[in-house]
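Single-structure report; data block below.
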Amino acid sequence: MIARSNQAEPFAVENLVVAYRAEPVLWNVTWSARAGAMSAIVGPNGAGKSTLLNAAVGLVPIVSGRATFWGETFKDARHRIAYVPQRESIDWDFPITAAQVVEMGITHGAAWLVPDFLPRWSRRLLGKGTARAESKTHGALERVGMADFARRPIGELSGGQQQRVFLARALAQEAELYLLDEPFAGVDVATEEILTSELRALARAGKTVVAVHHDLEDVADRFDDVAVLHRELVASGPAKATLTEATIVRAFRQPRAPLALDSTAHG
Amino acid sequence: MIGPASTDGTLARWFEVLTLSGGYNTNVVLFGVALLGLAAGAVGSFAMLKKQSLVADAFAHASLVGVAVAFLVQAWFHSWSGSPEAALAGAARPGPERNMVVLLVGAGIAGAAAVAAIEFLVRKTRLRADTATAAVSSASFGAGIATLSIARRVSGADQAGLDSLIFGAASSMTRADAYAMAALALIAALFTAVLFKPLRAVAFNDRFARTSGLPVNAIDIALGALVAAVTLAGMQAVGMLLVVALLITPCATARLWTRAVGPLVATSAALGATCGVLGVSLSRVLPSVPTGAVVVLIAAAAFVVSALFAPERGLLAGLRRERRMRAAVLVALRAPGDPGVNSGGAER
Amino acid sequence: MIPPPSDFLVLDAAPLAAVVLAAFTLALLGSFLVLQRQAMIGDAMAHSVLPGLVIAFVITGSRAPAPMFMGALGAALFASLAIAALTRYARVEPTAAIGVVFTTLFALGVLLVETTGARNVDLDLDCVLSGQLELLFWPIERGASPWSGESLDRLPQPLLTLATMWAMSVGAVLFGWRLLRATLFDRPFTQARGLRPGLVRGALLLLTTSTVVASFEALGSILVIALLTCPPAAARLLTRTLGAYVALSAVLGASAGLLGYAFATRGAPILIGGTIDASGSVAAAAGLILAATAMVTVLRRPVASPTG
């Protein structure tokens, strides 16, 4: 797997500027994730942490700058990346089972057009990948301890269980880069442990993990590297060394200076 | 629609109507619809802030079944007191005022029942407010159409009362109607003025309002009753299918110009009244245009202009701001002295 | 009381088939609309059909089905685009945007009907509201086999249009099943995987709009909404999985069509001595199904469901 990757970083942003309407949310951010490491993106609310990931995977338009994956654009590298969106962007009342969620990570090409409510034998005739997909789904759910819940609607699971199902979907994608938006938000202790150990296992296997994280207290325990965002990149590097008192004060306590855009606009 | 040759005459006639020299009947309608617009604009802004504008639409749609049933009950009463022939004749002309009051009572009951049904679905089941509103409104309208087909057969040709409620008949507005509108506008104005602060609190955050000791339920019910009264009054003028526009469009327009609740209510009420005056006067001078539709379209025109050109929330202002921001970003990133940046950021 | 079979074929077979087909298709597509919290968009589309029809009539000067269809489709699509533009770019609240757009278009339709002479050719408001089911008779010759080519040629055009929409919708839901489920559930993920959720939603909206327009002639524009929303709402209360939900919704829709039509043409004459408006009766039947379902679920639930 690692051999396939070329020398460039698995995930890098250069001079990234992203705006929500007329308000810049990310300002000139340049940062890259270390291959085979677990990196956390931290910062206060509204610092643009999630925006960084969303812009990188093409969900939010980039005003200026770029995001690259092993030196390629997201489109070209898409098949090597697993993305886990933020909890808030999902309608958890949607009638879909845990197994069906995980299958979204495996289904490819024409398989999307094969309805799966038909009897099993007829699906076998339609696509020979079905059995393999089923075992993959089962395996992924098993890794996060959710195999018993495969046929349960996602809305009937707890917040932590839902997050585990989303991780299972990412695992089933068998990617080389994992981008997770607030995976630890609002989950129980058991889920926290499963998430940490599974992500750690990925990193040990040479995969790269980048997660938006909200809790400063446990960053250093869970992650190798950290990037501190406060619309601009405040600091980045190994977690323990970077999260100094001064950095935290700069990112979390200081009011954000307004960008003097209008004065330069007419200049 | 308007022959170019008659344009001058039409303009002169329009001016005449606007300066209240269009005759007694015209003035009655003018005042009536203007006051209605005022009341609807004021009350509607709170309904909109509470995100309940479309509930008023459900109320109006559902009232059809009440109107049709009231009509049938009326006919039945007449048949009870006389021969069948007299019954049919009686349903046709029991005197317009009495007829209208009974129909409006029926409309109010059915509308209130629909609102209660929506509330029940939202509170007791997992259905969301928009689904419940659309389902109740359309199903009860269907029941109304079905009942109406019976009423139409019973009544034969004459059903002026029915049609004026469904499609609106502003031109048949009487002096008594205008007084009723005046009373309604007065009540709405007093209500919003006296209860302005509690209403604002309830509209913004009713949980907070509740903990701070406000009688939230009483205020909600009073507001709901006013919305219902405006809707019923508006049905006579613009019809049950369009009356909700009086409650929504002026408020949505006002919201594009102001954020504060006080100016919002005032602007919305003023807009409602203005659209009423313009709509009625135009429909008086142009041949064969329906008053209700014209009032609604004028309100809509004001909305479209505002949505495009309002200084802060308008579409064009937003686009201009965004373009300026993009230009500023590029300038700022190229500026010397900004660490680590030169041409790199601007190339895409 | 019960007409001879050939009368049934001539008078009732085609309207009944049209109602059931339309109800099935609307409820099928409506289930996805409700799932996306867009029941009100359907409401707005159905109201905006009127100006599209009149404009198409004014331009072409005839009531030919194809231009009418295009006009109505254009107006309905315009309504949904206008709502999207207002909420996204002018930051108008969704309910306000929907309310403004559909009342405006409906008022425009009313104005055009009254001023362009469209009224003289049967395009009046009543037929827009309640449809013209009674015009859908099947002019089959007495004694002729209903399956003969000649008889089939005489099937009313709206019925054929509805059958086409039914086939297209069922096909789209079957083959798009996984795509629909994935993109409607998790838009960011599917977009990141390169699946174009916007395109899927757009295609679904186009299909729904076309079905609304096609059903319009039989059922009337406003009653269409009852079938787009009531059966899915009832099905939502009774099911846990997407497959069961969508299938039940379509079945409940078809049942509402059947029951409503049967009551209007067979039950009402016995009860009140005359037929009633069939499309109104169908919409009311859909509402009653929802009411009964809601009652049953509320009464039968002593403990809170796991989702709360």
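Going by the order they are written in, the chains are A, B and C; count residues from 1 in each one.
The criterion applied here is as follows: contacts are C-beta pairs under 8 Å (C-beta built on N, C-alpha and C of every residue); 3 or more make two chains touch, one makes a residue touch a chain.
Given the structure is predicted, the values throughout are model-derived calculations rather than measurements.
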Contact graph of the chains (line, ring, star, complete, other): complete
Farthest chain relative to chain C (centres taken as mean CA coordinates): A
Rounded Å distance, chain A centre to chain B centre (Cα mean): 46
Distance between chain centroids, defined by C-alpha means - chain A, chain C (Å): 40
Cα-centroid distance, chain B relative to chain C, in whole angstrom: 26
For chain A, residues contacting two or more additional chains: 93
For chain C, residues that touch 2 or more chains besides their own: 37, 307
Multi-partner residues of chain B (each touching 2 or more other chains): 126, 318
In the complex with chain C, residue positions of chain A that touch it: 54, 57-59, 75, 78, 81, 83-86, 89-91, 93-97, 100-101, 104, 107, 111-117, 153, 155-156, 169
Contact set on chain B toward chain A in their complex: 126, 318, 321-322, 324-333, 335, 338, 340-341, 344-346, 348
Chain B - residues contacting chain C, complex: 1, 48, 51, 53-54, 57, 61, 117, 120-121, 124-128, 130-150, 153, 167, 241-242, 244-245, 247-249, 251-252, 255-256, 288-290, 292-294, 296-297, 300, 303, 307, 313-315, 318-319
Sites on chain C touched by chain B in the complex: 34, 37-40, 42-43, 47, 85-86, 89-93, 95-100, 103-104, 106-108, 110-111, 114-116, 125, 129-130, 220, 222-223, 225-226, 228-230, 232-233, 236-237, 264, 272, 274-277, 279-284, 286-288, 290-291, 294, 297-298, 305, 307
Residues of chain C defined as touching chain A within the complex: 35, 37, 174-179, 181-182, 184-195, 239-243, 245, 306-307
